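Two complexes follow with subunit A in common, the first pairing it with subunit B and the second with subunit C.
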Partner chain A sequence: MKKILLLIFICQVFLTVHSQVYLTRTGFIGFYSKTPFEDIRAENNQVYAAIDTRNKDIAFVLLMKGFVFTKELMQEHFNENYAETDKFPKANFIGKFSGNADFSKDGVYPVTVNGNLTIHGISHNIQIPATLQMKAGKLTGHAQFYIKPEEFNIRIPSIVRNKIEEKMNIIVDISCTPK
Partner chain B sequence: MKAITNKKRAIYISIVIILLVTSMYALYLYNKPHQGVENEIPVLITTATNFYQLYSENEGAGDKKFSGKVIELNGTVDNVELSDSTFSLHLNAGTALGGINCSMYFPKNKQIEPPKIGSMILIKGRCTGYLMDVNLVDCIIEKK
Partner chain C sequence: MNISKIFLFIFLFSICKNLQAQDTTFLSMLNDSVAAHAKTTYVTGTFKGNHIVNMQTVESPAKGAMYFLIMHRFGALNSGAYNLFGLDNATLRLGFDYGITDLLSVGVGRTSLDKAFDGYIKYKFLRQTDGSNKNPVTADLLLGISNYTQRYPDKPYLDASYRTVYNAQLLVARKFNKFSLQIVPTFLHYNLVPTAQDANNIFALGLGGRIKLTNRMSITSEYTYLPPNQVVSMTVYNSLSFAWEIETGGHVFQLVFSNSQGMTEPYYITRTNGSWANGDIYFGFNISRNFNITKHAKLK
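On to the complex of A and B.
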């Protein structure tokens, strides 16, 4: 975890001379589930992200307690029973993106992001399609993918399993600046 | 005999009422929408600089004391970021390394004007932990 924060900090230090690094402290990640019994919506607007367009590095880190649910009890269960956020307070992703992109020009670039996602103390390699858009000096990123809670050792009791989709829909939206 | 029947009936009706009230209360709790911090009493009232120092000196101790708790902070806004539905504030903590990252509580029926950069504010929010900044969610501005 400290390595990611160090990477983001190093990125910040070198920003003045290497304008290929883009940062945000207010990225968005939401996860969603929809079943006939229950809709789940949880959103986090404090995702820290760094994208180095020259080396094609990408890193995210967030606090699990930063997910805000529409229902109070869901948030309590998520923090205490499922994600165990006191024990595993942070989630992160470190990886690289591939694909042809010329960030010196405004445009929308489809890329593939590959790296390690760590949630609940469990790491898995994931590969997902994403888009990066350069517009007026701002780099925005968007991705959507699915994960199974059980793959990250998040145990959901059988009594509520049919209320939660087998795979959670994850949406990532970040808007980074080279400041 | 009739008296016993009436007594039993009263017991049955009481049980049904208790079950009904309990079920309704459970349903209310289950569907209770996310609550902000408006009616909560903060466990700590201090400056943004002091709170950042407390946390950054010992993150583990900070988490134990403050994670999940409501905090009220006085500080200077050094950045405002607007999104489609909400905005975030960054409070200066006297260091370039970090500060207080405040994600606003934005009920749909309220339109809140973001404060200006450089203004002093009093803000209340729920602490979620420490990254480069100390993060607060569900924030409301108590005083501009």
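On to the complex of A and C.
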């Protein structure tokens, strides 16, 4: 009895240490808008992401000020007028993914990610398709989806409305290594 | 048996802990990581544009960006109905400001008053840091030169050197959330002054500020204190100006009320001949338009 318990306990400790969590601090998230008047391209290469392959948890955190625009003035307007990054410095996502995936083997697995996206202090539940790929011990993730700035209470004045697309095209690319 | 109970307890406890260690802790783990790896970031948007009203701000065009600035002042409001309260007369300055780097900028301009040309170079040597108080302020050094070309046939001795004024300013500003404040110690050198009693070297202290009303609208104001006994051969006043500032896309638009008709440093600091008390108020506007001359090289 004692020995069995000790064995389970050691297994438990072992599992905790190796709780299949994959992490990155250099993930990529970009958002894009294309209109005849203005192209917007903003990219953030300092996205923090964590994927727990056992519990199927997935989380993202990024600093809004980390978005770099092609035009400096756009970046200032984004920080000052739209995303109000002094007031809301971070955006985050916490959720779960579902789908058949065997991360003990290399392969590409299509999954569905479902969770809460918080931007500009507003949270919305989103469900998006994504792919996870296991390759040589590295777990990479890719997703592409659209969000409306207005849903996150980011107001766009009518005078510039035709310069910004209704929906922002979001691209996510992360490459995580075991914790 | 006792020992196995302890093990059982630890085992159950560790399972509980493991179950707990999801969702919110998962996110807070990432948040902790963000906090642990936080880099120094700098405050942006201390002011919307390059000018509070007449006074330059610590802001400058980004690398490769150019501002085209039109500054316009009508005549004094108290000049009567005959002059349509100043609307018959106008003074104009056209200026270009260009960012060589994000920290170094240059500008040129011409004012119709005295047909004066001006040029400046501005370097931002300190940037206010975000969050931490490592650098509490943003600070720029501004060096300018002004030369008027108004012809005076009766004064043939007025050569280019006599018509030149230099100015040096230290611009120190801090952004407090919706409020920004700037202090500007100023030094001016006139190559030629009207009388021997007037000082060639003039010191002044400027104070400017901005209050954001909404994200795209603010009120700005500036005051420049000119200590007495420096300009004595003419009656001059301290410059006091207000502007209502509206930003739309790449434009910054300011509606201006000032007792200064001149718009560059030598004029508004040492040649303000209007007084608010007498109603010598010059109404006008500043319009700034941003152009991106070169593609910003930040993205590959």
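In the analysis below, the second predicted complex is superposed on the first by the 161 of 179 C-alpha atoms of A that agree within 3 Å, B and C clash if a C-alpha of one lies under 4 Å from a C-alpha of the other, contacts with A are read in each partner's own complex, and residues count from 1 in each chain.
Convention: contacts are C-beta pairs under 8 Å (C-beta built on N, C-alpha and C of every residue); 3 or more make two chains touch, one makes a residue touch a chain.
Quick caveat, the model's predicted, so the values are computed rather than measured.
Participant: Once the structures are superposed on A, label A:94 by its partner contacts, choosing first (subunit B), second (subunit C), both or neither.
Facilitator: Touch partner of A:94: subunit C, not subunit B.
Participant: State whether A:26 touches subunit B only (first), subunit C only (second), both chains, or neither.
Facilitator: first
Participant: Comparing subunit B against subunit C, which has contacts with more of the residues in subunit A?
Facilitator: On the superposition, C touches more of the residues of subunit A.
Participant: Could you tell me if A:81 is touching subunit B, subunit C, both of them or neither one (first, second, both, neither)?
Facilitator: After superposition on chain A, A:81 lies in contact with subunit C alone.
Participant: So in the superposed three-chain picture, is A:52 touching just subunit B, just subunit C, both, or none of them (first/second/both/neither)?
Facilitator: So A:52 only meets subunit C here.
Participant: For A:167, using the defined touch cut-off, is the partner it touches subunit B, subunit C, both, or neither? Pick first, second, both or neither.
Facilitator: neither
Participant: Quick one: classify A:142 as touching subunit B (first), subunit C (second), both or neither.
Facilitator: neither
Participant: By the touch definition at the top of the document, which applies to A:71: first (subunit B), second (subunit C), both, or neither?
Facilitator: both
Participant: Look at A:61 in the shared chain and tell me whether it touches subunit B only, subunit C only, both, or neither; answer first, second, both or neither.
Facilitator: It touches subunit B and subunit C both.
Participant: Would you check which partner chain A:157 touches, where first means subunit B only, second means subunit C only, and both and neither mean what they say?
Facilitator: A:157 sits against subunit C, while subunit B stays out of touch.
Participant: Output the subunit A positions appearing in both contact lists, the one against subunit B and the one against subunit C.
Facilitator: On subunit A, the residues that contact subunit B in one structure and subunit C in the other are 5, 8-9, 25, 48, 61, 63, 65, 68-73, 75, 79, 86, 90.
Participant: In their shared complex, at which residues does subunit C touch subunit A?
Facilitator: 1, 3-4, 7-8, 10-11, 14-15, 18, 21-24, 26-27, 29-31, 33-34, 37, 41, 44-45, 62-63, 65, 102, 130, 177, 215-216, 247-250, 290, 292, 295-296, 298-299
Participant: Touching subunit A in the complex: which residues of subunit B?
Facilitator: It is residues 29-35, 63, 67-68, 81, 83, 86, 88, 90, 97, 101, 103, 128-129, 131-133, 135, 137-138 of subunit B that touch subunit A.
Participant: Flag every residue of subunit A that touches subunit B in the complex, lowest number first.
Facilitator: 5, 8-9, 25-26, 28, 45-46, 48, 61-63, 65-66, 68-73, 75, 79, 86, 89-90
Participant: In the complex of these two chains, what residues of subunit A are touching subunit C?
Facilitator: Residues in contact with subunit C: 1-2, 5-6, 8-9, 12-13, 15-16, 19, 23, 25, 41, 43, 48-50, 52, 55, 57, 59-61, 63, 65, 68-73, 75-77, 79-81, 84, 86, 90, 92, 94, 157, 159-160, 163.
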